[in-house]
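The following blocks contain the structures, represented as structure tokens.
Each of the next two complexes has subunit A plus one other chain: subunit B in the first, subunit C in the second.
Let's look at the complex of A and B:
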């Protein structure tokens, strides 16, 4: 094993591979910075190029380099302009943007990048530690377990609703309903699509996220006639942000573990990890009422998780050749094209390739955080730019990001519709995060319920995994309530 | 004052951008450069990333431009769902006949068309076929621990898993249940190949079929899995010890309309992964694309990668031949369609028109 680890490291450190990894990190960081252009799009563009390469180590370095860091730089737009840079950094907006408004953008960014680094290091460690158990781990989760996990995710609606639980619940339900729009993937039957081909594919998550968060904040800025930050100074926040992560080290470790765990489940998708981590932070941390109002812990948790998730998603990819998400599906195609065959041999004859993936994940994260840290201070100054300059700029980001959903003019109409909805929700005190979460999880919940019932009837309810997960859901809902009650009694 | 300036600047930029786009289009039309030069060829795929259809599209997107005049850029766009219905409907409604948007579909799209229904808003017979890649007949895999239950009607049913309940290999299961008494139950709705592969390993499903030799060999190497039978008339190279379904049927092989219906269901399997242009694409563009597709098949790198992905049994079919095969595979008698509908209802599989 040591020899394979060394071979993997030497393969990645070869000048050619190292150079390509740095190129990959730069591309991945830029893609993360620009809303709407997701990692999968970039990987798809790179695929024809890498499939002609003969050096498997170089392919690993480039593609894993791109994939590993997309969620690091995506914190920039999430924190600074309330526009999610990638689907994995939606939860960061809630506290990150609130911090930016309070004049703590630099602190939020440095905390985000440090958490990303730690998450990006813990993820590969978990991947390494799970090598002997990879297969039983992945095989433990079937459709019924996935269904309960989606329920668990939706149970977070409660914690994301703040002091408006009914509104939060309704928003979550609307989100789930929105997720049903389109052709039913099982039978192809049209639902709420009104014969419109555009709607057959369903409503793009990126349009919902941009509309709900990006545009309403612009309207608010224009209305206030001020800059994003209410205080015109960066302060000492930058170093404080780094300290915050180590101060909340246990939260960082927990969130990284949550991210890696969500990543290794092939079926939950990349946009769930940050929400799971955010919710567990609210459920387990003290003074939970501060979340949503610019608490640095609300930045640390999702950012640690969305980086460690990438390592987690390599577990099923390497163990079975079953990709954990769209990005790893595309990487898998490239791997096969250059002669790497994910599956059992990745733990025997191909172990050096497995280690090359692990080393690339580690190195890419270090390089990406270094780059982001270098740019954090100058970019954070965007918060002090007056509204008449920053609002058009944000709108350009939002429109370009929205248009990239399908490159259709209808994208812009849908964006306008969700912007109006987001604005009304914001104005009338409706929490927007539960709606987004409903859209993220709705389709998966329906699919896994269908598969669980058609495959097992009602027997799926008696599966040990399902019972354990249901108990965990129950605990995660009741524990914060109990704690809240105690705190109330103590007060 | 500054905000007004910014608004004016935005308006000027918008007008300038619009003029640039108009000018660019006009200039390209007037120049005598190769048709695809500086253009992007978009390939729409009817499945999610990672499966056989997607892999074929990505291979084609990599090698086809090399043989097209002007060597265009390529972009692959996945549009999974409804066994290819979503992408087929979208392609029919939106694709222009300028040769810049092609569609990579699989046998499922043809099967769904044959099955019919209000949601089918496409006609694959009208497409202009550019060519196809076939990977050999489907093989039906079974978990070893489920094998003894297959012919025991009192045992717990063996579960067959599928994406949309229409795949051509599924015909072996349905006809096995109908004519050989196989103790099967059918579950569909899995999003794609990767989820089904995982479900088979987990034991959530016991039987699954695929044409991909690579996937099957991985399962066989793992142990715990057997191949029950294969769909081709002749045994595939590399699987010569696996009987064909006709051999398994033996003297229980149905005759008349029942067998006609079986052939109607499995016919598209021979076409497998095919690339098409929209209905009204001009002949000169179709010829250009077909020639490039066929030339691509002689490319040594293409051959190497195709073998890497599909095993040794893959082959390329020319566009005109593919077009004829699509026509044949989708021309099914009313009696055969009716027979299939009855059979599919019996085994709780989606039946097209009746579902509406």
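Let's look at the complex of A and C:
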């Protein structure tokens, strides 16, 4: 294990990887402080680039670097203009913006960055600590257990990612069906290709991701045509904000643990981690009546949680090959494309890659916090960039990235089709993450199901692990459905 | 709120609910179509489609009933809030038409002129039309075009498709 840790560190510290990680941190930070562009959109745009890379360590450094820090810089717009830079910084607005209005933006920002740093360090420690427990568990699993695990991951993301469980499950199923498009090499059957050679290779995940996330976010940004009327000055108290975090160290540690736990559960994600952490802060801290009126603890709790959440989400992704959300689904796709196989291998022969992820999470958070603190003033100004400078640039990257899937004009048609689907899903409150996850997991799910059936017949259904996991699936699906039904009845 | 605007809001909600139901119907039809098509395939190829498709059709029926209930007059059910991203507001339909026109226009421009000419032109026009100054529009257009040219053309040697207008064909 020590050797793998050292190999992972050396791989990340190699000049090429380190440079790419810094690029990733810069991109992730920019995405964070520019409201309207989400982490998934950026990762979807990056996919065509990284798939041409040969060095797995470099891919880890770049993508994990982007993913790890998006929530750090997103505190800028949340605190300064009351617009969340990412879905993980919504709770920060409540007390952060109140502090900014009181002339304490600098204090709120430095508290946020310090909490993000500590959350970003505690998360990887939790990920590291989970490895000895995961290893025997993962190695004891066979294809039947992995099949039910993929179902569980998809069901969790489906029912939890959009507060619309039925729509989420349906989206996941559609995703799996999209994954079946193309020539099935095992049976030689052409599935849903309708004689069209373009579809024989299947539908590129790049096009699905760009269409579902890139274009609809761009449309939203263009529709809002947002102009920020009120500017907040940074004010003073930068050092006080750092001290605040250490003064409330136990809250920071607790919130980081909450974030990592939320990240570990597939489907919840950043947008829930910060609210969970905020809620536990209100429930457990003294003088809770001060929350919501510009209390620095209301900034510390969500910011620590949303950064540690990223590390937590890598636990199911790396150990079981089941991504917990959109970002990890895209990263998993890139990993597979460059020869990293998430799953049991990551805890045995590929352990150095797992450590590379852990080291990147640690280093990226340190670099991001340094950038945010050192360049707070210019970054604060950049939050006010008008929409018309961002929208055309994103569209260009989305279209060029989409064309790079097969270098065919048909790519652009498929991109438009998935953009329209993503737009309609967004318009009617259908969660899009389960669909993407379905596409990512579809092939694996099918393989595990077929292996289970051919090796064990129907007996695989009676394996104890399978029964326990199926019960988990049932609880995961039925509990939110029941809750929604009750809420519907109450309304 | 005036009677007129209340009437407008009610009409918007009705239209929105109708669109929502149509979308669910579309998803259900896709699932049904997938099952019908895969019926003749060998088990190896169809098992996942048939297993998940049948669950999907049942779920689509549940969702459809829920949508139809929300269409009923006097229904107080509000649209489910999404934790992922809020559903787009229904108002200002022209804003949707406007941005979709830009997207389709950009793609048409690519077909006519090719990527390397269409990109700077699109960026310039978009920034200029929405209030950007001449300098900003030109700088962003040059940056976007330059970036794509250097990375995709010079470094990655992307095989660009030939434009429909021969004048813009790259040598």
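Simple rule for what comes next: the second predicted complex is superposed on the first by the 273 of 491 C-alpha atoms of A that agree within 3 Å, B and C clash if a C-alpha of one lies under 4 Å from a C-alpha of the other, contacts with A are read in each partner's own complex, and residues count from 1 in each chain.
What we mean here is this: a contact is a pair of C-beta atoms (placed from the backbone, for glycine too) under 8 Å apart; a residue touches a chain by one contact, two chains touch by 3 or more.
All of these numbers come straight from a predicted model, not from anything done at the bench.
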Notebook entry, point to check: Looking at the overlay, does A:33 come into contact with subunit B only (first), subunit C only (second), both, or neither?
Noted result: neither
Note to self: Looking at A:323 after the superposition, I want to know if it touches subunit B, subunit C, both of them or none. Which is it: first, second, both, neither?
What the structure shows: first
Margin query: Quick check for you: in the superposed arrangement, does A:389 touch first (subunit B), second (subunit C), both or neither?
Written below: both
Checklist line | Most subunit A residues touched (candidates subunit B, subunit C) | finding: C
Next item on the list: Considering only touches as defined above, state whether A:143 meets subunit B (first), subunit C (second), both or neither.
Entry: first
Next item on the list: Look at A:276 in the shared chain and tell me whether it touches subunit B only, subunit C only, both, or neither; answer first, second, both or neither.
Entry: neither
Next item on the list: Look at A:201 in the shared chain and tell me whether it touches subunit B only, subunit C only, both, or neither; answer first, second, both or neither.
Entry: first
Check: Does subunit B (first) or subunit C (second) touch A:403, or do both, or does neither?
Finding: second
Notebook entry, point to check: Looking at the overlay, what does A:164 touch: subunit B (first), subunit C (second), both, or neither?
Noted result: second
Margin query: After the superposition on A, what does A:418 contact: first (subunit B), second (subunit C), both or neither?
Written below: neither
Item checked: Common interface positions of subunit A, toward subunit B and toward subunit C -> 52, 184, 186-187, 189, 386, 388-389, 392, 450
Margin query: Going by the contact rule set out above, which residues of subunit B touch subunit A in the complex?
Written below: 2-3, 6, 10, 48-50, 54-55, 58, 61-62, 74-76, 79-83, 85-86, 89-90, 93-94, 112, 117, 119, 159, 164, 187-191, 194-195, 197-199, 201-202, 204-205, 214, 218, 221-222, 301, 305, 308-309, 350, 355-356
Next item on the list: Would you mind writing out the residues of subunit A in touch with subunit B in their complex?
Entry: 40, 44-45, 47-48, 51-52, 138-139, 141-143, 182-190, 197, 200-201, 266-267, 316, 320-323, 326, 329-330, 332-333, 336-337, 339, 343-344, 386, 388-389, 392, 447, 450-451, 454-455
Check: Of all residues in subunit A, which touch subunit C in the complex?
Finding: 38, 52, 87, 160-164, 166-167, 169-170, 173-174, 176-177, 180, 184, 186-187, 189, 191-192, 215, 217-220, 222-223, 225, 269, 271-272, 386-389, 391-393, 395-396, 399-400, 403-404, 407-409, 412, 416, 419, 423-424, 426-433, 442, 445-446, 449-450, 453, 484, 488, 491
Check: For subunit C, which residues are in contact with subunit A within the complex?
Finding: 19-20, 23, 27, 30-31, 34, 37-38, 41-42, 44-45, 47-49, 51-53, 55-56, 59-60, 62-63, 66, 76-85, 87-88, 90, 92, 95-96, 98-100, 102-104, 106-107, 110-111, 115, 119, 122-123, 126-127, 129-132, 136, 140, 144, 148, 152, 156, 158-159, 161
